[in-house]
Amino acid sequence: MLKVEQLHVGYGSLEVLHGISFDVPEGAIVAILGSNGAGKTTLMRALSGLIPIKSGKIDFAGKAVGRLVAEKRLREGLALVPEGRDLFGSLTVRENLLMGAYTRRSRTEIEQDIERILERFPRLKTRLQAHAASLSGGEGQMLAIGRALMSHPRLLLLDEPSHGLAPIIVETVFEVIEQLNREEGLTIVLVEQNAHQALEVAHTAYILQSGSIVLNGEATTLTANSAVQELYMGG
Amino acid sequence: MTQKPAVDQELAPDVVAQPELTGKKTLGGRLASQRVWLGCIAGILALILLPMLSDLIFGGSSDFQLHHISLIGIFILAALAQNILTGYAAQPSLGNAAFFGVSAYVLTWLSSDLGQPYWIGILAAVVVSALLGLIVGTPALRISGAHLAVATLGLVTTVGALLNFWDTTAGRQNYDLSNLPDFLNDDRTLYYFIFAIVVCLLFLSYHLLHSRVGRAWIAIRDNETAAEAFGINLTKYKLQAFVISAAMTGLAGSLYATWATTASSSMSSADQTIAFLAMIVVGGLGSLTGSILGAIFVGFLPLLLGQLPSPMVIGSFQLQISTLITGIYGLLLLLVLIFFPSGLSSLGTQAGNWLQRKPSKGGTE
Amino acid sequence: ACGGSDSNTTTAASAPGVSNDTITIGAVLDTTGPLKVICAPILAGDQLYFDKINAAGGINGRKVKLVQVSDDGVSTKTKGAVRQLFEQDNAFALFQVCGSGNANVAESYISAKKIPFVDPIGGGAKFKDAQGKALPWVWMTQPNYGDEGHVIGYYLTNKQHAKKVGLLYEDDVLGLQQKTTLGETLQKNGAQLVASVGYSPTQPDFTAAVQTLKASHPDVIVLNGLPGPTAKFVAAATSQGYHPAMGYLANYPMADNSWAKVLGPAGEGMYVSGYTSTTSPVGQEYLKATSSDAAFSAYKFYGYINSKIFSDALTKAGKNLTRDSLRDALDHDFNNYDTGFGPSLTWTPDKHGGVSDFMFLQIKKAQLTQVSDFIKASQVGQ
Amino acid sequence: MSAFLQVVIAGLVTGSLYGLLTLGIVLIYRTTGVLNFAYGAIASLCACFMYILLTGPRLNFWIALVLTLLFSLLLGIVLERGFARPVLHAPVFTKAIATLALALVLETIAQAIWPQLAEVQHFSTPFEGQALHLGGVYLSAIDIVILVVTASLMLVLNLFLMHTRMGIAMRAMADNIPATRLMGASVGRIFMLVWALSSFLAAICGILLAGQSNLINVQFMDPILLPAFIGAVLGGLDSLPGSLIGGILVGLVSNLLAYFLAGHMLGAVDMSNPAIRDTLIFVGFVIVLLIRPQGLRGRALLRRV
Amino acid sequence: MTEVVPARSLLEIHKLTVRFGGLVAINELDLQIAEGEIFALVGPNGAGKTTVLNCISGLIKPAAGNIQFEGRELLSLPAHKRASLGIGRTFQQLQLFSSMTVLDNLLTARHTQLQAGILSGMLPFGRSKREDAHARQQAMETLTLLGLESYAQRRAGSLPFGAQKLIGVARALVLHPRLVLLDEPAAGVPPQEVQELATRLRFWQKELGTTLLLIEHNMRLVQAVADRVCVLDYGSKLAEGDPKTVLSDPAVLEAYLGRGASKAVQQEGVSHVEG
């Protein structure tokens, strides 16, 4: 579904990703792990079109999207839950969700989806008319995930979705990830610090170090890998 | 005009070599700071030698040209003042022209009407401006963003109207600043006088902005909440910025009156105050070099354009340039803003980066 | 330092700005700022006249070169503009500075340098010092607003038999003096200034001014100031359904057909004071030269006739032109001089004021038509 | 009494004009966070265009109106492409100053192509001279048009901005442009719409203003820009109804002050002087802001940590 | 871990109530934090944890209640005065001075310990430069202690998220405050560094006697360092006590930890860090 080849990305004159290649098959959950500053967020930004790529190819569902602007990529079915959430602070929670459904038309379906998301994150229900800027850290993270789901993507890019969430909600989030993947066939790329849980849900995983992929394989194999345990799972 | 910092933090490139902000520990930093020093010395030398150069080029009209150049100095002061307030302490105030105008009137009133010595006049003008800065700064603590911008813009036009009202009730058509000390009637000494002040204030500001006070202002600009949580008294530092900025603008205003030998209510006008803001935006918010470049661009370019021959004859075609000057200036301004959205000083930074990279390549590390 | 007063011309000619074949004269006319509406046509009139003179061989064999600088209408920039004229462009004399305050700034410079300055454009411009003595280097041609106030007061009471007069005035040098003299003359003639309202040139809304004047039921309203704001006032009054019983009378900056056109239907029948008539030979000559213009512009005519006055002075100053010889000519050779636009002009070493005769025009079919003879301020005022 | 009523009505009308002017200003502010200093120049350019249509080819008023409104949409689109797009990602101050530069350019262009409009000209409308007499009060037709147009535009626009998909996206854009992109909204297209819309509003405002005073020139909008800004800020800058209220307040108060201060002296100071009136309005404005820094209808800026 | 009986409270919160419009974010909350302890505040999202911190550091004015720091009433003090009493903090959403270098961030945090005003600041010599040099050295020491010295000259806003988080911690500690408020310092920090962070926080507490109030969703960190834990739910206290007991309390499991997490916490047996 997603095919990345020799991707080089950076900021100004600083190159952060040095030729990354990987594959995300349709219906897969792929985890991307790596320490601080490895370039995970940079990769997600490049995939979603927030920053331009220097060279390389990004193919999505057979189409070259590497040079498309972010909004076109979303319309192709590629949604991102960004690091730091990037909510619309002066819009209400509900309006944020509606923005998530920007490319969709059917009012009734949109309303149903909002209902479904509020069921998954009941905390948001009480805050529906609150401005997103007033949300607590975790509430905001829930909203960011909900908002991305509203677009009915085919591929969901998650940049640290569990960030700032209470353990019980982290559980919910991973449940939702698995469920969406299982029931709706949603393909997911997942960046996580929480390597344990990420590897638990992921089918395959890539390990990023200083802008290059140093290791990849089945999630279960990597879980067993002692180096990975040592480095990314806190021993 | 929200209070977001000028740089898009999320995606802006890492400006490691911003000589204004980094310390001096690294080799590159040391080289950069040496270069800064060399630049300063070269600049001062150039300023000293400029009158002679002007004699060579302009001959008889040299004094008049120097008089024009002195104006840049006055604008640099005003831009510096606006930059401290807006570029560093992040107060989007458009009120500086009010200080500019009031100080000119105070000086003129004291020396022309009351016959006080010029120096007393200058001193009083600066003090009155500073006080006014305090008075304006106090409500500004509660008002922010575009609201503050509009409120202070209103202040400027109101003050302008009141100064004009004073003129008319006093029955004068122009307010002559007559009894200047002799040496200020001389273009050359006026030039040296103004630029000596400019160099001093740039020097002092440079240190101030790199001191505890400057850091507090930048902290307020970057993040008010965090600044407060780390013990920075927002009230105090914002007020200080207002007062310092007002005093400096006041100095610039009284020098302007000295320069033009008249005070006019148009000094406190929307056009004037927006010009100050334009200077620092064109030059670069939060950058000393930016204040200089911006003052030259905004303060001097229209004058230069005014020197274009009009009508300009291009082949058989006659162009009435004089009616187009404002538009040409606007267009140039627009182009600069499009190509240097964070100011002309970014040009300097880029050049600096490039210069700095070179030696370290062949360097010892 | 040296300054520009010492002669440094390379030719054998007698004074700065004067060479064997040209005389450079300088003008500060705001063609970029708020006074553009007035100054741009004046400049066009200047150029028209000097082109004519130059085509006919110039003055005493020298062509006139007019160098114009704009000060954006801002008086703090006037000094720079004047200095440019004399220190960079090496002008011989100053001819026209637009705006009263601006002219006064120019005055302090030229007086110190003993440069002749003819035709400060502004009814509030200084030509006398505080003791009432003529400033030695400034010569006015234009009438001042104080004199005009007297004549308007006289005309309204004696010719139109108005009893109650309202005044809209620009709240600065344009209006304040006139407010006083108008009031004086009205009183002297048994009438009264029942209300006066000041305005500022940038004022967006005149409703309240209309209502205030209306409330005092004037027979006639005098409009003093500049074309734009006074037209706004009339429009506001009209849109509130108000028209003074005997209509309006505007002062001389409005004596231009462009103003009549701006007013549209509301302007019909309005009176305007003026001091330049085109019935004279010079006027006719001007009309012929500008027959292709869309409309008659009083400002352009103003430029034209003043250029003529100034050229005459240069001619009278003789072949050996110096600033002193020009001054001599201005002080001694303008005795009952026929300006060519109606009134005559007299300058002596003690009197440097402009003309002080006014006539009245009326808007008929959007055109200003002269409806009275010239009235001398000296006969009706004081 | 009728004079007083007349002043109140006139104040309402002027205020509505300020309010109308602020609608477009607030629209751009809410979507880009920028005070658009070029707004007056755009309004005047459109009104001048209409004047030319009316006087040059002598078109019928209504045809000229439609053409002018089309022109304004086009102008908005051209400005967005040529001017606003290149500075879209620039810092806020840069954008604000850029609008100022744009104003200079537009005014110069207008003056260069229509030199006659450097001077004030007569702008005639079919409403000229028509009026309603209600008791002693005189209500001109154009004033009625102004009140009706302003009120309905405000309502429609507010509904649009608060409740439609596009409206929400416009507000979202002001918060966070990259995130708006991530939602699949074409920032470029929205931005173009914003400019077209606000230039359309500017045209209406310019035409109504010219129609009310029957006067026009290239700079005829300049004097009302600052009172309009003040009205917008008074209302809160982020609320359309608020800015209308703010605009009306400014118009009303300045008329009433002028009316009541006329002929009063305070010592040697003539209280009817415009400078005194402007000062009083300004002081009142600041006091309101001190009590409600976010404006009458504005929301306080919320920033959580 | 034995129950620490607070001998002397450094911070006492009494009947604190905060409302936002109709929402009661904190409801009559009482808390005592003893001198020298590491106190963890946990609870579901939106429970009001950050709000408690904001009340302590003065960014929010509570509707009712009082807060005492060393017996001194805090609520009447403006926010900036509280820092000089020795209260440092980090923020959930970073709030670094992003245009400054990391070093300057730390220098700015030392604001209250420096004296220079406008006049001395303008001079290229004298007190301002002297005290700055000293402060710079101390800031470098703090960075080194936290292993962040390589970032010193980088612009804070351009660093990866995890690094910014740690710099936030450094900025809070550089003043050597009596009380440090940490709002989710481990969020976004990779697991292996969480362990390190735990060690360093312990070091700070043990060696420098700093008291820490820690908000965290990362139970590994809480278990590793907390002396006492308080669970907040809907603005009220749900449970309080030593970490083991509290984190296995069924109500806490139900409201906050969920079954999976508690399982993980118990099974993995996180090493408790001691000094």
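Note that the chains are named A, B, C, D and E in the order they appear, and that numbering of residues resets to 1 at the start of each chain.
The definition used in the following text is that contacts are C-beta pairs under 8 Å (C-beta built on N, C-alpha and C of every residue); 3 or more make two chains touch, one makes a residue touch a chain.
All values reported here derive from a predicted model rather than from experimental measurement.
Among the remaining chains, those touching chain D as well as chain E are A, B.
Counting steps between touching chains, the shortest path from chain A to chain D takes 1.
With centres defined by CA atoms alone, the chain at the far end from chain D is E. Compared on C-beta pairs in contact, B-C and B-E come out with B-E as the pair having more. Taking the mean of the C-alpha atoms as each chain's centre, chain C and chain E sit 76 Å apart.
Each chain gets one centre point, the mean of its Cα atoms, and the points for chain B and chain D are 31 Å apart.
Our note on geometry: chain C versus chain D, Cα centroid distance of 36 Å, whole angstroms. Residue positions of chain C touching 2 or more other chains: 40, 171, 200. Looking at chain B, one finds that residues 7, 10-14, 161, 164-165, 225-226, 323, 326 touch two or more other chains. Contact with two or more other chains is made by residues 178, 270, 273-275, 278, 303-305 of chain D. Taken together, the chain D residues at the contact with chain A in this complex read 165, 168-169, 171-172, 174-176, 178-187, 238, 299, 302-304.
Interface residues of chain D facing chain B in the complex, by the touch rule stated above, are 29, 33-35, 37, 83, 86-87, 89-94, 96-98, 100-105, 107-109, 111-112, 178, 226, 229-230, 232-233, 237, 268-270, 273-276, 278-279, 282, 285-286, 289-290, 293-295, 298, 301, 303, 305.
Chain E meets chain B in the complex at residues 57-59, 78-84, 88-89, 91, 95-101, 103-104, 107-109, 111-112, 114-118, 120-124, 128, 131-132, 136, 152-155, 157-158, 171, 175. In the complex of the two chains, the chain B residues touching chain D come out as 1-2, 4, 6-8, 10-11, 86, 92, 139, 142-147, 149-151, 153-155, 157-158, 161-162, 164-165, 169, 225-226, 270, 274, 277-278, 281-282, 285, 323-324, 326-331, 333-334, 337-338, 341-343. Against chain D, the residues of chain C that register as touching in their complex are 36-37, 40, 171, 195, 197-200, 202-205, 207-209, 211-212, 214-215, 227-228, 231-232, 235-236, 238-242, 258, 261-266, 294.
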